[in-house]
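Some structures are shown below for you to check.
Each of the two complexes below includes subunit A, the first together with subunit B, the second together with subunit C.
Entry: the complex of A and B
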């Protein structure tokens, strides 16, 4: 298939692997930020093709994983109300709150719908004036423009029955939190290509310089990842700490300025707690004055809910790249995709789910 | 299952030599303790299997049901009879390439064919919702008539029930069927052995994507039609050419090729090695899967089967399948190995290897 097969070519992949082998002279630890990249790595077995000097750790870039548990509880509370149609992206449905997930609410009679776009939820609100339609706005800068557009349009249309539960998070503050944490071992970073297609990559330049870590904006196909790794390793071996752009077919330095304007029109930056990591200053988006009437937290009075997380789950360490999923004592025992203790086991993009799904037989594979 | 959990326990101890919890932790088997039925319990994946293994099997245990095949094989006075049942609850009732009636005939015919049987007779039960349009019922009935004629089976008994408006989804259908297994044919996971070749009768994931394309909220433009078809003719072509060297047949419906092969690997206690590059998939299906974030290996098929045949019969089997109109895209996609028993491993397009696990619940579309 065009635009896919070119990026999955075995011969080209082997050439990159050889180039990486020739480049690397010492051990390096690299982090891919985005969960989509983690999945490509495990789905195509890229980690097993790399020389042993290269260690990949997985970053916090899974929107499902970092959405704090209190937002799940807020979602469960709102979705349980009889007048509400609760719209969400599919993979949020199985994330455990402190007691329940949205699938259980659905089984109990809650009206929960999977949508692919917040604009579908907006249309539903127009079609069903008798119901309150709430959209669960999660994700990074990638999903923010469409969510901003939905809110902006509902204001133009003066829709009284549409609101969003905004749990948006931002990538650069999370990267900074990882770099500045004591004991940080991450030496090079693959930045998330899709986030950068919206935001550009100028925000990453001061981070690379201050923390002396090369950052390469990278795509999501196997060859993208291998090339991104190669570029990062070249910088490391040569002692450079620059921001480079592997994903030039989608990303340029300034990003999509129109989308950025829309985000700024509707949202403002706020402090946000990340699941498993904790509070990161100025790392989230909430609705700006003038749009707060579309804030589901206010409309359904759930703003003050606060909760505790499972103490056994080490999601925080996983999401910061400090531990790998099999190092967790609950991994594959008490914590499985059927019964996740933490969000990285739930989402299609979560590192724990990826390890469980693609890596369970790792020893068997490598012994062949 | 218990054995598998123990194995995981062991693996995890190896991973965590210092972890006190890892050493002493007794995993509470049934992991899954939802107090209510979830959609995923009917999804054909791991939750369905758990429900069968923990609730239904212990209640009805006998040597026939224990095979967990698509149908039961019964020996009655020298004749070998295949017997099966299936319920159809699809939404929408009419979809590109077929409708619930055609599916209800083909589904049961195919389950019988997968036992190696020649399908003969069907029962037909309707559960109708009050208010269901008579015109639609007639359309479904005509379609059942046509499908039965095509598959050369007779509908010989039936039942009709009506439930109150709002208590059903328009129309549910159950069909049961019986067929005769010809002499010399023996289809059973116990006959699968290392060296055997795995074939698929055509391009995968067509039905699931065709249904998704018209489901409420997920409409996207495609010309895809469901692949629903009676497979008894195509099975006969295979059996005529490879006869007793056909060891196993299964149609990868719910849960797709990945789930079906996992079930075979697990009951036959063998490993299966797949070649991603050899798996036939149409561009429009692959494109839709890429966009929706779905893995085509887990998407449902309604007109395809997997055959496992002795290596010396593989070429003849492939030729016979390709000579049949429904098998033109048939392909060899992998082989059975002694190593990694119970596990399916895929060599990816770029040359890396990964485990293809059983789907845990429903496949949920991902965020970005």
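Entry: the complex of A and C
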């Protein structure tokens, strides 16, 4: 496939590994923010090709993993209502809530549909005026334009039976929370290429400056990751801390201004709790006045509820790069993709799922 | 976080609300995509698509530059008198099944 295969060229990747080996003179800890990057690193074994001085820790860039339990519980409550058709991306269905997940609700007769795009949910609302169609709008800035468009079109069409349960989160405040946390060990960051395709990378410049950490906007293929690592390590070795753009084929400094315009029209920034991390100021999006009629939380008057999490799950430490999945006592034993204790083991972008799937999980089981 | 893949625009048309939509091919598989956020993209262009939306138009020149940048890395190594030894060449990038 064009724009994919060229960036999986083995010889080129090897040369970057050698260039990294030649560049590194001391230990460095780097964080890739995005779960998609984590999966590429583990799937292609990039972590094992790097010199031992380079430590990769995995960031909070898994939208499924950081969605607060309260939203899962609200989703379960709304999806259980007989008049509702509840639409969601597939990986949200198996994420454990306090007591149930959406798959259990579906088994119990709840009408839950997996969709590829929020526009699919919007079309369903048009086709089924007799039902309330709710879309579970989770994700980072990459997904916000899609959800903003679905809400905007619903308003234009005066569609009375469409709403979203919005749990959007933003990357820069999460990076700042990691940098400013006591004992932070992250010295360089691979920023998420698709978030930056939408938002640009100007928001990261003050972070790199203030915390003196180089940030390289990076793509998702092996060659992208290796080049992003090489650029970050070069800066570290030269004592620089700038924002660079490895993923220039898709990202510009200002980002996609057309998408940003509709995001600002429909949403506004708000404080948001992140699962496993806690409240991060101004790190979420909620529907703005003029669009709150499309807020499923209001429409269905879902009350706040006490939440419960598995005491064994250390998802918070994993999402902040402080622990790796094999360091969790439950990893690949009582926590597996079939019986997940936490979201990072469910999501196709979760670090635990990546370690389990690409070998680290199997090793732990066999070594016990 | 935001899985997105590149696809080639095959056709463009507006939906009843005047929103720019189009057919995009992903290695031969065609899908309807919203092109409202990439008004500059034309038929034949490649776009990065996430959740049914094109979030950017792929820049062919920059794509080439990323691939050519590696040659610059090699050139710099040669100038420093560092060339790849046979043993260095054989570490392989393997895709774990």
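The definition used in the following text is that the second predicted complex is superposed on the first by the 357 of 368 C-alpha atoms of A that agree within 3 Å, B and C clash if a C-alpha of one lies under 4 Å from a C-alpha of the other, contacts with A are read in each partner's own complex, and residues count from 1 in each chain.
Throughout what follows, a contact is a pair of C-beta atoms (placed from the backbone, for glycine too) under 8 Å apart; a residue touches a chain by one contact, two chains touch by 3 or more.
Only a predicted model underlies this, so the values are computations on that prediction, with no experimental measurement involved.
Residue contacts after overlaying the shared chain place A:1 against subunit B and subunit C alike.
Applying the stated contact rule after C-alpha superposition, one finds that A:22 touches subunit C and leaves subunit B untouched.
When the two structures are aligned on the shared chain, A:157 is found in touch with subunit C, with no touch to subunit B.
In the superposition on chain A, A:279 contacts neither subunit B nor subunit C.
Judged by the touch definition given at the top, the superposed model places A:303 against neither subunit B nor subunit C. By the document's definition of touching, both partners, subunit B and subunit C, reach A:89. Touched by subunit B in one complex and by subunit C in the other are residues 1, 4, 10, 13-14, 36, 42-46, 49, 63, 89, 116, 120, 139-140, 142-143, 194, 222-223, 348-349, 358-359 of subunit A. Considering their complex, residues 1-4, 6-7, 10, 12-19, 21-22, 33-36, 42-46, 49, 61-63, 89, 116-120, 139-140, 142-143, 145-146, 149, 153, 156-157, 192, 194-195, 197-198, 222-224, 227, 230, 246, 248-251, 256, 258-259, 262, 348-349, 358-359 of subunit A touch subunit C.
Taken in their complex, subunit C has these residues touching subunit A: 1-6, 8, 17, 19, 26-27, 34, 36-39, 46, 48, 50-53, 55-56, 58-60, 62-63, 65-67, 69-70, 73-74, 77, 82, 84, 88-89, 91-96.
Here subunit A touches subunit B in the complex through residues 1, 4-5, 8-10, 13-14, 36, 42-49, 63-64, 89-94, 103-104, 106-108, 113-116, 120, 138-140, 142-143, 194, 222-223, 312, 326-327, 329-334, 336-339, 347-349, 356-365, 367-368, going by the rule given at the top.
Touching subunit A in their complex are the following residues of subunit B: 5, 8-9, 11-12, 15-16, 19, 21-22, 25, 27-28, 31-34, 36-40, 46-47, 50, 217-218, 271, 277, 283, 286-287, 290, 292-293, 339-340, 343, 345, 348-355, 357, 360-361, 364-368.
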